[in-house]
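Labels run A, B, C, D, E, F, G, H, I and J following the written order; every chain starts at residue 1.
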Amino acid sequence: MTRNDVTELVVFNRMKKGITWASLAEACGKSVPWTTSALLGQHQMSKEMAQAAGAMLDLPDDAVMLLQHVPYKGTGSIPVGQTVPTDPLIYRFYEMVMVYGSTYKELIHEEFGDGIMSAIDFDMEFGRQADPNGDRVKITLTGKYLKYKQF
Amino acid sequence: MTRNDVTELVVFNRMKKGITWASLAEACGKSVPWTTSALLGQHQMSKEMAQAAGAMLDLPDDAVMLLQHVPYKGTGSIPVGQTVPTDPLIYRFYEMVMVYGSTYKELIHEEFGDGIMSAIDFDMEFGRQADPNGDRVKITLTGKYLKYKQF
Amino acid sequence: MTRNDVTELVVFNRMKKGITWASLAEACGKSVPWTTSALLGQHQMSKEMAQAAGAMLDLPDDAVMLLQHVPYKGTGSIPVGQTVPTDPLIYRFYEMVMVYGSTYKELIHEEFGDGIMSAIDFDMEFGRQADPNGDRVKITLTGKYLKYKQF
Amino acid sequence: MTRNDVTELVVFNRMKKGITWASLAEACGKSVPWTTSALLGQHQMSKEMAQAAGAMLDLPDDAVMLLQHVPYKGTGSIPVGQTVPTDPLIYRFYEMVMVYGSTYKELIHEEFGDGIMSAIDFDMEFGRQADPNGDRVKITLTGKYLKYKQF
Amino acid sequence: MTRNDVTELVVFNRMKKGITWASLAEACGKSVPWTTSALLGQHQMSKEMAQAAGAMLDLPDDAVMLLQHVPYKGTGSIPVGQTVPTDPLIYRFYEMVMVYGSTYKELIHEEFGDGIMSAIDFDMEFGRQADPNGDRVKITLTGKYLKYKQF
Amino acid sequence: MTRNDVTELVVFNRMKKGITWASLAEACGKSVPWTTSALLGQHQMSKEMAQAAGAMLDLPDDAVMLLQHVPYKGTGSIPVGQTVPTDPLIYRFYEMVMVYGSTYKELIHEEFGDGIMSAIDFDMEFGRQADPNGDRVKITLTGKYLKYKQF
Amino acid sequence: MTRNDVTELVVFNRMKKGITWASLAEACGKSVPWTTSALLGQHQMSKEMAQAAGAMLDLPDDAVMLLQHVPYKGTGSIPVGQTVPTDPLIYRFYEMVMVYGSTYKELIHEEFGDGIMSAIDFDMEFGRQADPNGDRVKITLTGKYLKYKQF
Amino acid sequence: MTRNDVTELVVFNRMKKGITWASLAEACGKSVPWTTSALLGQHQMSKEMAQAAGAMLDLPDDAVMLLQHVPYKGTGSIPVGQTVPTDPLIYRFYEMVMVYGSTYKELIHEEFGDGIMSAIDFDMEFGRQADPNGDRVKITLTGKYLKYKQF
Amino acid sequence: MTRNDVTELVVFNRMKKGITWASLAEACGKSVPWTTSALLGQHQMSKEMAQAAGAMLDLPDDAVMLLQHVPYKGTGSIPVGQTVPTDPLIYRFYEMVMVYGSTYKELIHEEFGDGIMSAIDFDMEFGRQADPNGDRVKITLTGKYLKYKQF
Amino acid sequence: MTRNDVTELVVFNRMKKGITWASLAEACGKSVPWTTSALLGQHQMSKEMAQAAGAMLDLPDDAVMLLQHVPYKGTGSIPVGQTVPTDPLIYRFYEMVMVYGSTYKELIHEEFGDGIMSAIDFDMEFGRQADPNGDRVKITLTGKYLKYKQF
């Protein structure tokens, strides 16, 4: 059993049992985006979180064990073998898509249905967020939800 | 003269004259991120904006004319020939990096200096923003600013 | 069982039972192109549609369940790992080929046989279609059907 | 002077003189999409068409001469070196994007402004068009026009 | 069972039973090159041809059924994900290698043994072949057979 | 001056002066396909051939000198950086397209006009040609000429 | 059983049994980095080392045998099919990442947890190390450990 | 003048004037590796450093100005368009090669001559370096210098 | 069973039984390099050779049969999908690496152990070898054996 | 002036003046293959060699200076951006083609004319060469010269 097998089990069992990502996050005591990306293979879980998620999703013991180790990240939403920008600053934004892309997909579908967040009817704010541990870059994105037309 | 020549002129003259993106945005009457990405070749400007920016940056008439046409977008920050995800929802996030990646780079350097926004000491919020023209997906990202060490 | 397994089952059982895409569309109450692309893994079906298609195609329960979730799209007709245009407008046309390419293939073979739609003996009309929800771009393509020669 | 130089001249002079693709098509006696793609380097023009377009666009004699030869096609909208599907039927749709992609871009911007044709709020019809020279495949696409938001 | 499985079965059983492509072509009533490429997954067979080939090669019923449907072509001899020329005329020659490359390989090995057709000691003739259904381009290639040296 | 500069000069001057490839071949005393591909940068010419072609095409002395050296081949019709099959036998066919692809393009346009040789309405013969210097593989291809539709 | 299967077994059993790389290195009598990379498929082990590691990790006999043969290296951390620099000197640094990348990953996670070594808050020393068998290039890298934020 | 032009000037003038990287570092008051990579386009210099380097290397004013802005990094040693690992931890090591690869090349040639640092006769140490601003990962690499044989 | 399965069996059984390539070559009556590359899937064996090798390596009958057919070559040592030079002369050298690369690997490891042949401490001779069947190009390469350091 | 400009000058002037690589090697006091590859940009020359070659080839002073510095290697015969094998042993053979490919091309054309060294009518010997500085791997390749047919 590999970490990818665990991700496939999580995805399949969650759909079959009709469990939301929000309820999994609540059981793990973390935010919805973090819990979703952790279960999709992008973060290491504590023993408690892994057991809580495992119980809800009916995962076997080996899967619960694997959730507690650091995974090979970035494989959830971008095909293996992609080309990326060489500039380290711009690369970090690309890495966010690699690490959180499948999370965005799950959360938009859970909240809105079969559609996308527009990159055209879209705006962005940029600023500095003061922080005692070192100031942070803060970026806020909003984009209109577009529903896939049925015809 | 092509639109890429205009972008190179904008980048060079702005550095030489020591003008900030913020002052260019003020002159154009738009937000800083939008103005930056428009001048970097990602949006069409109105005649008034193009003339205001052209005056500050000493651009020739042909450059001011080209700022008023829709550019070939997405060439500012990702090398031509990249591979991207096939899923339309995840692709939109990748497209945002293509269209706004060089804008992020300029704004972080202007506000913070030679460094990056961390994708590790990083968090994210996700939610729905009600809107009479159709609800919007809202995503807020914060990441610690990391300064390049000199040694 | 993954969504790709469902697509393979749909393709194989449809051929084996000699069912047309048109009759599947009729059972689902949607157009032929939409139904074909949905069954090929590009759209989410309602419970009723999934059950109607599942009954005709003898699909197991898990497959019927998976038809009711949003799939990873765009994997039906273009090899994983392709390179695409960076301009968002031109990209949308490429995305249409990724999402509907296998649908075109099935429908042309069902209607005409083993051959192609010519891109040489080809013409195109372009225009605006007024619409109360926002005007639409309308593009009409015709190309001569070319039969594969047997020799 | 190469055929690509001619395309750059056409693009630049047309913008500078404020001439529409529609008026160029009228002068050449062909449809707007065909004339646009011919001038963008995808088709061979007759002597009369080349001279009419050359006069409106102030092209030098060598450019008018080059418009009358068959160009290397498909370089207008897709980066050199792309990967494409191997199936001949699906490839033809990809080739249409290579040959006509920059034409779609010009015509949508001329008719609607800075925005795109949606591939999400999108539908498609498929059918057979009887023709004494051999029946044709007919495909009609409509997609909502989405305007780029300014912010 | 997929169409690729059928190709692998055809290749393996033909070698095991020591049947030539020529005898398969005779049983199907088509030329050797066409029959070879059809069995290698590049063309649709009629019911009679599929049954004749299936009987000689001991293929199961599902394989005989799949031989009667249009395959995804061009996957026989070129690795998935290749880059190809953008010019439609030159592309057609590349497509011929994709569709018929494995056929060339089988036929040269059957007729000559373990070796190749030289592209160096090579010549070519080019001309027009009159045809009431439209004239044809005719190209004749000859290249010296080079045997792989054993040492 | 590089060998590529010579090819561009040949292409441009030939069009400007309205000289056919056939008349160049006659002046050089070689077949039309060989002469065309030699002038397009795929073969070494003798001094006599280079001078004859140089006189008709008004080439400068350095160009005539470069025609007499072995060029870097295969760059005429396939973008640099392509992916090719690993099997040596199939690769030779791909190499023929690399070396002779631009020759096919010129000769079809000279003989037929703006169109292509069909790979669909296409057939092929395969056989052995006895030869005292070693038998040759002989392949004959015919494909219907398809004219680009004007609309 | 292939060498990759052995690597997967090593990775899985080590996690399941909670054994550290340091204790495996001690049992093998080699340094921690060398032992880690050898077990991950980058070096050949002696019989004694392979048996010691096999005993701790409960590996079957075939796996212990395979640990004693030279593996295909460089497949541990970089996707197959990558593009690399052509200069031999720079390439050696890239090869070090290919051969030791997965070792770095394991050792940083074992020593620090779920995080990375910064390439921004980073410095480097370069010098010559005298050696009777030929002087050595010595490079020392330090980078701040950055912990993945949970949110 | 772009930042790449500055790098080419630095490289050429340094060779022509016979200046070492070490003396440039001394003039700038920074370490040799940092100064080398900054001049090769990987870091932002202060005004004083840029003027000191500019004076030694005879750089024009625009070049001295450009040295004081943050460059697009990572383009010095790896071809544009490379493929990189998706795991963020391993990626940082790859990024170090992109940012410092050309620096390694210059420093090894300056100290040792025309040769390389071996990745075969190579060893590595790994450990934790305590630091009040957060502990650091420390990696020490040594590899035998191999001289290019002349023959 | 495919030809690749045969190669994996050959590799695994040879290691398990501790048989050298040299003894396999002796049994087959061919040179060591030819026999190694034939067994690794690059050449066709005669019935006698296939049976001799099959007996020593305990291969099943189907494997012995497959050894007697011409394989798809060049897949032994280079990842599928590589990019190669377009010049036919240089390509032949690349093809030698594709066809014989895994043979070099086996023979160097058998003769020397875990290490490489240096391309730095390396020299080469070039010349003509007279031959009644046509003169041959002769190239002799020597490179120092470098042992992988254990640490 | 860059090192690539020097290579182009060397190539052009050598052809124009009709100088052989052998006479250049004699003037430099090194073997023909080494001198050829050094002049083509793969090695560093001493002052004496650079001046001797510069005098014969009429090179300007900057070119003679650049010949005395270590070049970026491996760019002479393989397109930038190629994909290579990950195994270090096999990679060295690939690197030999990158570094010496253009040398092979020049030497074969100088000795034999417009043709290639066959990789089919080809054999190879492999062995150990004792050496007091460490034993060497010795590989001898011979392949029939094949002349390009004129037709």
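Please note the rule applied: a residue touches a chain if its C-beta (ideal position, glycine included) is under 8 Å from a C-beta of that chain, and two chains touch if they have at least 3 such contacts.
Here the structure is a predicted model, which means the values were calculated and not measured.
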item: Joint neighbours of subunit H and subunit B, given as chain labels; value: A, G
item: Same-interface partner of B-H, chosen from the options A-G, G-H or A-H, over half of the pairs matching; value: A-G
item: Centre-to-centre distance between subunit J and subunit G (centres being mean Cα positions), rounded to whole Å; value: 36
item: Centre-of-Cα separation between subunit E and subunit B, whole angstrom; value: 52
item: Euclidean distance of C-alpha centroids - subunit F vs subunit H, Å; value: 46
item: CA centroid of subunit D to CA centroid of subunit F, Å; value: 29
item: Two or more partner chains touched - positions in subunit C; value: 31, 33-34, 72, 78-84, 86-89, 95, 99, 105, 109, 115-116, 118-120, 122-124, 148, 151
item: Parts of subunit B lying in touch with subunit D, wherever the complex brings them together; value: 1-2, 30-31, 33-34, 43-44, 62, 65-66, 69-70, 72, 80-81, 88
item: Subunit H partner contacts - residues on subunit G that touch it in the complex; value: 31-34, 77-79, 81-90, 92-97, 99-102, 104-105, 107-109, 111-112, 115-119, 122-129, 131, 133-145
item: Contact footprint of subunit A on subunit H as seen in their complex; value: 72-75, 78, 80-84, 86-89, 91, 95, 98-99
item: Subunit J-facing residues of subunit H, complex; value: 8, 12, 15-16, 79-82, 105, 109, 113-114, 119-120, 148, 150-151
item: Subunit F-touching residues of subunit C, taken from the complex the two chains share; value: 115-116, 118, 120-124, 146-149, 151
